[in-house]
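Letters A, B, C and D mark the chains in the order given here, with residues in each chain numbered from 1 onward.
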Amino acid sequence: MAMSVGDPLEVAAIKKDFPILEREVHGGRLVYLDSANTSQKPQAVLDAMDRYYTQSNANVHRGTYLIAEEATAGLEGARAKVARFIGAKRNREVIFTKNATEALNLVAKAWGRAHLQAGDAVVLTELEHHANIVPWHQLAEEVGIELRWIPLGGDGHLDLTHLDRLVDGAKVVSFTAMSNVLGTMLPVERLTAAAHDAGAIAVVDASQHVPHVSTDVSAWGADFVAFTGHKMCGPTGIGVLWGTEAILDDTPPFITGGEMILNVTKEGFTANELPWKFEAGTPPIAEAVGLGAAVDYLSGLGMEAVREHEVSLTGYALRSLTERFGEQIQIHGPSEPAERGGVMSFTYADLHPHDLTQVFDQHGVCVRAGHHCAKVLMRQLGVAATARASLYVYNDEADVDAMADAITDAATFFGV
Amino acid sequence: MAMSVGDPLEVAAIKKDFPILEREVHGGRLVYLDSANTSQKPQAVLDAMDRYYTQSNANVHRGTYLIAEEATAGLEGARAKVARFIGAKRNREVIFTKNATEALNLVAKAWGRAHLQAGDAVVLTELEHHANIVPWHQLAEEVGIELRWIPLGGDGHLDLTHLDRLVDGAKVVSFTAMSNVLGTMLPVERLTAAAHDAGAIAVVDASQHVPHVSTDVSAWGADFVAFTGHKMCGPTGIGVLWGTEAILDDTPPFITGGEMILNVTKEGFTANELPWKFEAGTPPIAEAVGLGAAVDYLSGLGMEAVREHEVSLTGYALRSLTERFGEQIQIHGPSEPAERGGVMSFTYADLHPHDLTQVFDQHGVCVRAGHHCAKVLMRQLGVAATARASLYVYNDEADVDAMADAITDAATFFGV
Amino acid sequence: MPGLEDLYREIILDHYRSPRNRGELPAPPATRVEGFNPLCGDEIVVFVEVADGAVSDIRIGGQGCSISQSSASMMSAAVKGRTLDEVQALTRSFKAMMSIHEQSLDGEGEVVIEADPDVKLGDLEALRGVVKFPVRIKCATLSWNTLLQAIEESAASR
Amino acid sequence: MPGLEDLYREIILDHYRSPRNRGELPAPPATRVEGFNPLCGDEIVVFVEVADGAVSDIRIGGQGCSISQSSASMMSAAVKGRTLDEVQALTRSFKAMMSIHEQSLDGEGEVVIEADPDVKLGDLEALRGVVKFPVRIKCATLSWNTLLQAIEESAASR
């Protein structure tokens, strides 16, 4: 088994933290290379949720009894952990949603409906995930905003030649911090500054960034940042919207009901203060506790080490796949590992990605094939689908090699 | 310890299924009487989620690999279980949301925005939870609908004298199936029929009904039914909106993004078919698996037995509290156990509920004090707050007695 | 590699490599309908000409994996020249083989589609192995659903 | 019952049973502000009259638990006749006792409020035990926050 000398993470030990990696599939070990889709969960996260359910389960912010206080402390403690993890200035700037998609919908619909009108421009990029496109399409249908697109340039990067013209007069610039298809890291601070210079707000979809790269939302200078728990070692059912206190105060509530009100009469309602104004109904309590444990886990590894590990493993993957398969394999995105995350979209010869990954499955290699919820980008790339391998803290060179072996096998099987 | 002869549930055995009930608080056992707020979770539900995370965790509807297929089967299998549990005709009529609140917002905002306009009337009841009030207030602000209220009558029931006049010309009648404050069971079929006769749609908030009473949404004849997972032995982070296929097809998408589209271009998008049209982003996968296990658990007990147990235990509680405290205790809601669920709101002498339940906590008795997210109802009742004890499958007469002892102690402590 | 041969039978790979009835038809008179597999991005375009209650001509465009492409190719060969009733029966039999459940006519739950014992699936039998790979069932049925929609639209446009 | 005596000191129960400054003031000239505790439904109404930079009169209405009512009662007694600066200092000291964290002025995170050693809390000291019951802290501070808002509004309306 190939082991990287000097890997900043002790991957062999880390693998043991993730019980699912001990699972056998089709008689071999599980080689999980789909973390951009969803990450696996360390035992510590499962334990934290089990502890919550077996010791302190109660609804929050309501009861005067002990376990209700513990549950509330669990939820609010998780909020504080997340706030610290992303460099938020105040805990109340961290809003728990069900996923990144709800977070981006909240921005487009609650902030957007209140502040945008017919003819206003919203600038997106061709790299966006559908979660940062479709809500804006809905708003376009509803109030008649105009969508502008920062185009894809060379080597998987954006073409920023006409950035100033594109953002000129815009009200919103909303973009991903890291492409979930190409791995491209976007120049967040530059885009945020361009937005602000043009008088627009800057919205960052950090779903692929927060799990992999140390993130400081305050340093970014963004107005809103969205991300999702299940891609960062946390459970399903929880996402985060961060916003500056100023912009959150200036955003009407989105989903409404219990827990988000100060008062309700037959005539109307008064909203509660941040963050609860945006958290109607019973929040994802166990999921917040799990996300807090995930943040602890990642902080324990150190986000600098996580990033270093991924850069080095991505470098290994790009090199070894290219050496082994030459012209047959086409890997999209930046060629320089330091300019990208560990997400590699590729096609092999004229094999359809679906057929390729079907063979992978027989090797226990989990890789996703499809459009990766980025059909606008796929059209720009001129492909209908790619296979996408994505790396995380528990992956090593042996995993990359296992996929390479599976590629060879697929080529033999289909005779290409 | 008082034990009911002939209880349709074996509560002593059931208590063992819920690990949290073994916990000690303040040196005594935990007496959990706040299930209308959130229920405890049986080990089987925690095991199902752990099994999912340690064996099959993957994103759904996407991967060609084995664990992704297992995860998809887990999610869709849970949908089928829920559909069967509530008498839905088709699995695709079951939409997973994050909680009941999101489900009711989806109705008010996605269906409501598309079908209601200024001057249209929406009929609610004075018994509603804020989740079935505030979204309609928002819609009223936005498009100018009129809200009408079916008033509270005697003995905790609705006053239906002027029902015909109230629903006349209305577009929506939206009501709770069981009051979360008084326990009142509403005449769902009668209200649904009145709605339909008036040409309105019928929306049922079944958050307190589905966990406690066998529910058949098709027999109800409703158009939409909302409920929440965490009150029915399931995890936090998941709720359900059921709707007839016809009305769901006639409802535009609410939250949008990945997973809910057929196609996305720079110009627009096409929505996917049911149920996915309403499930944007990564769904609460582990939570759905947990909810499926909760449904299995409740089905194993038998919903008829659950209901019988609660009627008999509620009867015991109403009798024994009245016998013991006479005029000092005021219990709101229907006096007849068969007309109500196991939810008892009460006040004791002039003790503030908050002070009462603070003393309860010292006895390990978990009871909520407050307005229970029903401020409109509280105003009708002429109180600012009540203490609310609520029963479930794991409660027995000893639990009720423990609360009664705590009341006595509070009376002594405060000298009333 | 056990299992894969069940999915990728030789005849499937043959249709994938040499698809039948590939191309376009002028629409109108033909009807053109696009189908999407939202999960993987496969897009299929069916051009169909209906005359005298039968599929007089058909062409297939778009792109997809070997399963969706070969299924479309075999379908095109199987339905060309058939009456609409025959096409319906064939579709039912094909979906029955794919173990697709559909809602029953009285709305009481979902039922398993029964195959018509008189309908011969021929080459299409090769796709039976797809059932063991649930995610791929949508690949196999994409062209069929698109064809049904095209036939409906052609009826509606007359 | 260990613990409860920490919360419900005799002086608290005394203020609860015989609240000081209970009632209303004509507004205007007084300022009237309602405060809600969204968690339990407690509602407090503060009527305050400010003259010459001091709280010249105050009345408390509304309903709530023993903690919120006694805190309001003690507060009313403590602030009546005091200058606005003294009220600010007293509020700070009270919140410090309640271990309330507030955002620092430069926006860099949240900081613990420091009590002013010169400020005497007097009877209000009896509320110190509330800190051990986190849910009840909002009960104790409700009237104080409502008072601050009333003072602000009275300044704004001049």
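Just so it is clear, a residue touches a chain if its C-beta (ideal position, glycine included) is under 8 Å from a C-beta of that chain, and two chains touch if they have at least 3 such contacts.
These numbers were taken from a predicted model, which means no experiment stands behind them.
*Asks:* Specify the chain most distant from chain B by Cα centroid.
*Replies:* Following the centroid criterion, the farthest chain would be C.
*Asks:* As a quick test, compute the distance in whole Å between the mean CA positions of chain A and chain C.
*Replies:* The separation of the two C-alpha centroids amounts to 36 Å.
*Asks:* Could you tell me the distance, in whole angstrom, between the mean C-alpha positions of chain A and chain B?
*Replies:* The answer is 32 Å.
*Asks:* Distance from the CA centroid of chain C to that of chain D, rounded to the nearest Å?
*Replies:* 73
*Asks:* Using Cα averages as centroids, what's the distance between chain A and chain D in whole Å?
*Replies:* Using C-alpha averages as centres, the distance is 44 Å.
*Asks:* Spell out, as numbers or ranges, the residues of chain B touching 2 or more other chains.
*Replies:* Those would be 26, 62-64, 68, 259, 261, 263, 354, 358, 369-370, 375.
*Asks:* Which chain C residues touch at least two other chains?
*Replies:* In chain C, residues 39, 133, 136 touch at least two other chains, as defined above.
*Asks:* Let me know each pair of chains that touch one another.
*Replies:* Chain-chain contacts present: A-B, A-C, A-D, B-C, B-D.
*Asks:* For chain B, which residues count as touching chain C in their complex?
*Replies:* Chain B reaches chain C through residues 61-64, 68-69, 72-73, 89-91, 259, 261-263, 270, 272, 276.
*Asks:* Which of the residues in chain D come into contact with chain B in the complex?
*Replies:* 1-4, 7-8, 13, 39-43, 63-67, 69, 133, 136, 139
*Asks:* Quick check: in the complex, which residue numbers of chain A touch chain C?
*Replies:* Answer in residue numbers: 26, 352-355, 358-359, 362, 369-371, 375, 378, 384-385, 409, 413-414.
*Asks:* Under the touch definition given earlier, write down the residues of chain A that touch chain B in their complex.
*Replies:* The touching residues are 19-20, 23, 25-26, 30, 34, 37-38, 40-41, 46, 49-50, 53-59, 62-68, 98-102, 104-105, 129-135, 137-138, 140-141, 147, 149, 228, 230, 235-239, 253, 255-261, 263-266, 268-269, 280-287, 354, 357-358, 360-361, 364-370, 373, 375-376, 379.
*Asks:* Can you list the residues on chain D that touch chain A in the complex?
*Replies:* These residues of chain D touch chain A: 36, 38-39, 103, 107-110, 133-136.
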